[in-house]
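I'd like to ask you about the structure that follows.
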Amino acid sequence: MKKKYEMRCVTEIMDPRALADILEYADVLQIGARNMQNFSLLNEVGGCGKPILLKRGFASTLEEFMLAAEYLAVRGSRSITLCERGIRASQPHVRNMIDIAAIPLLKVETDLPIIVDLSHSLGRTDIVCEVARGVMAAGADGIMVEVIKEPSKAASDAKQQLDFGEYSQLLNALKIRD
Amino acid sequence: MKKKYEMRCVTEIMDPRALADILEYADVLQIGARNMQNFSLLNEVGGCGKPILLKRGFASTLEEFMLAAEYLAVRGSRSITLCERGIRASQPHVRNMIDIAAIPLLKVETDLPIIVDLSHSLGRTDIVCEVARGVMAAGADGIMVEVIKEPSKAASDAKQQLDFGEYSQLLNALKIRD
Amino acid sequence: MKKKYEMRCVTEIMDPRALADILEYADVLQIGARNMQNFSLLNEVGGCGKPILLKRGFASTLEEFMLAAEYLAVRGSRSITLCERGIRASQPHVRNMIDIAAIPLLKVETDLPIIVDLSHSLGRTDIVCEVARGVMAAGADGIMVEVIKEPSKAASDAKQQLDFGEYSQLLNALKIRD
Amino acid sequence: MKKKYEMRCVTEIMDPRALADILEYADVLQIGARNMQNFSLLNEVGGCGKPILLKRGFASTLEEFMLAAEYLAVRGSRSITLCERGIRASQPHVRNMIDIAAIPLLKVETDLPIIVDLSHSLGRTDIVCEVARGVMAAGADGIMVEVIKEPSKAASDAKQQLDFGEYSQLLNALKIRD
């Protein structure tokens, strides 16, 4: 059976005043790492009725992360996905260090799905397949990667973006049928 | 077929002058995280002819880790195993944060086996199974855990030690036949 | 000569929509550490015409800190004060680690005054005098401390708040005449 | 009155077996950051009768630092100087982040002198004067800097070494008469 794709528009919201406009076309609203504790934004987005993707702040504790999610839930949000995207650490081989222990802990402490943003955390593409297998095996519900036709022409973050061939390898590594 | 166990004595060496005594009974010599850059110790142990387990320092970069391994190799060591045991980070839910990206990177950069010490890194037992699955799926060659009959009576580090039941669950989680 | 006090109301703003209300009574608008990269807020506050106190994010680099200040300046702000308030680190003796090197570096790289928030960084009162002297000697233009009549009755952060006696000692330590 | 200089030879010891040789010419024995928890070395050096300079490990807590000093004291050492040399952090503007709060805390918790190694911590020379003033004002008993005739020809760490002119400025900044 052929897998049917469903395209969904995920849009990062940074200003509570932009909500009405964004709701018109976005399927999912993303709260970025820099706004995880922007409580006026959380307040507004939590009541919007659309699925929310909440990224962990880059030095936030799990407790702070879960409190931010609770902030959304209290406002009425019924579909929150947590996104681990790495902790800023003194390790030059990655941009941010993925907190693999956070995956099972968040599964125990909340009933929310958790995905891992491999592009912003690793900041490189050569180990995406191995780390993707690792976080999925540790219980993640999904991963997030940036894919672009020609990474070298990307407007930003070129080093972390997969081209179509690398994306295909990743699907293979995860045994996802194309 | 029943799996046969082979007991091996791994002994941490901290003083180069203790080498002769330790060689008599140890099968594997461990260099602990606090001694990863104790070059006089590396110098001595590197030439001893026995397998060596080299633990990563708790704030060391991968480059420093690989240089320490090279130090051993230059002295003649033919069997070096690298052990990732977590980076000290500002995250209270674990004792040290496992660097999952280090696993595939060390596999590419060296031809040495790499294992992950789940007990000293996590400092807790409730998520050992999930993280063990994760690091194995990311390419680790093995894991290291502390198991004891009655963790509550352990002389130290009681919170991180598995009892026999938890150990059995871990073997199941990794689908290792007992 | 008796020093005359001037009371000024510093108010933290977290929601761009609250600006009009806050402008009525606040002398200085504070952007908190959690909002240092809340660009829609910076955008709004930068054009308000009042002095701004910009706190450094708790894992932000100096470059990110200066870019946030530039964001305010581009919007027209003519009075921006930078506030170092410590970096989240794996050191249990303080809540956040003050980055003393940031003081002279920010003085060279910008022409903005820089103050240090000793209460939120240290999270304790017993070493406030010594650290206050240190950051002033390193070139800080001022310090910020929390003072309250009865710290034990504080609604939050009781451990970091000075009582009047400790505040008096601090003024002495800095040789500020009361 | 002219200040008389006293040259003292500080030698880093890394191998307990080198002690006898080093004792012949060294006035002070230094335990480096990488060896702060090398207990067989501490054990040997603690009983040697010469002054010891103990550097803090680059991710060590104050408690670990003080325990290492106690290790030396228990072995009989009567002259131990503590040296803060910065914590490895995710901040690219310095090599290591000086922990200014450690200075008054160590003064309270121990009766040992504490100095700050400005060269290895900052990894740059342009802010040495300001930070030196800061750490002295916070209660440090001294500082340590690397000075060399021609830093550009240094065998290592050229970026952190002062030339004679910069050293002279530093003495001025600290109001030390030459």
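Observations, loosely collected:
By written order: A, B, C and D. Residues from 1 in each chain.
Note that in this section a contact is a pair of C-beta atoms (placed from the backbone, for glycine too) under 8 Å apart; a residue touches a chain by one contact, two chains touch by 3 or more.
All values reported here derive from a predicted model rather than from experimental measurement.
Note on A-C: across the candidates A-B, B-C or B-D, the interface recurring with over half of the contact pairs conserved by residue number is B-D. The greatest centre-to-centre gap from chain C, using C-alpha centroids, is found for B. Interface comparison, A-D versus C-D: the higher number of contacting C-beta pairs is recorded for C-D. Separation between the centroids of chain A and chain D, computed from CA atoms only, is 44 Å. Measuring from the averaged C-alpha position of chain C to that of chain D gives a distance of 31 Å. Counting partner chains per residue, chain A shows two or more touched chains at residues 59, 88-90.
On the chain D side of its complex with chain B, the touching residues are 14-18, 34-35, 37-41, 58-59, 88.
Residues 59, 61-63, 87, 89-94, 97-105, 107-108, 122, 126-127, 130-131, 133-139 of chain A are the ones that touch chain B when the two sit in their complex. By the touch criterion given at the top, residues 88-90 of chain C touch chain B in their complex.
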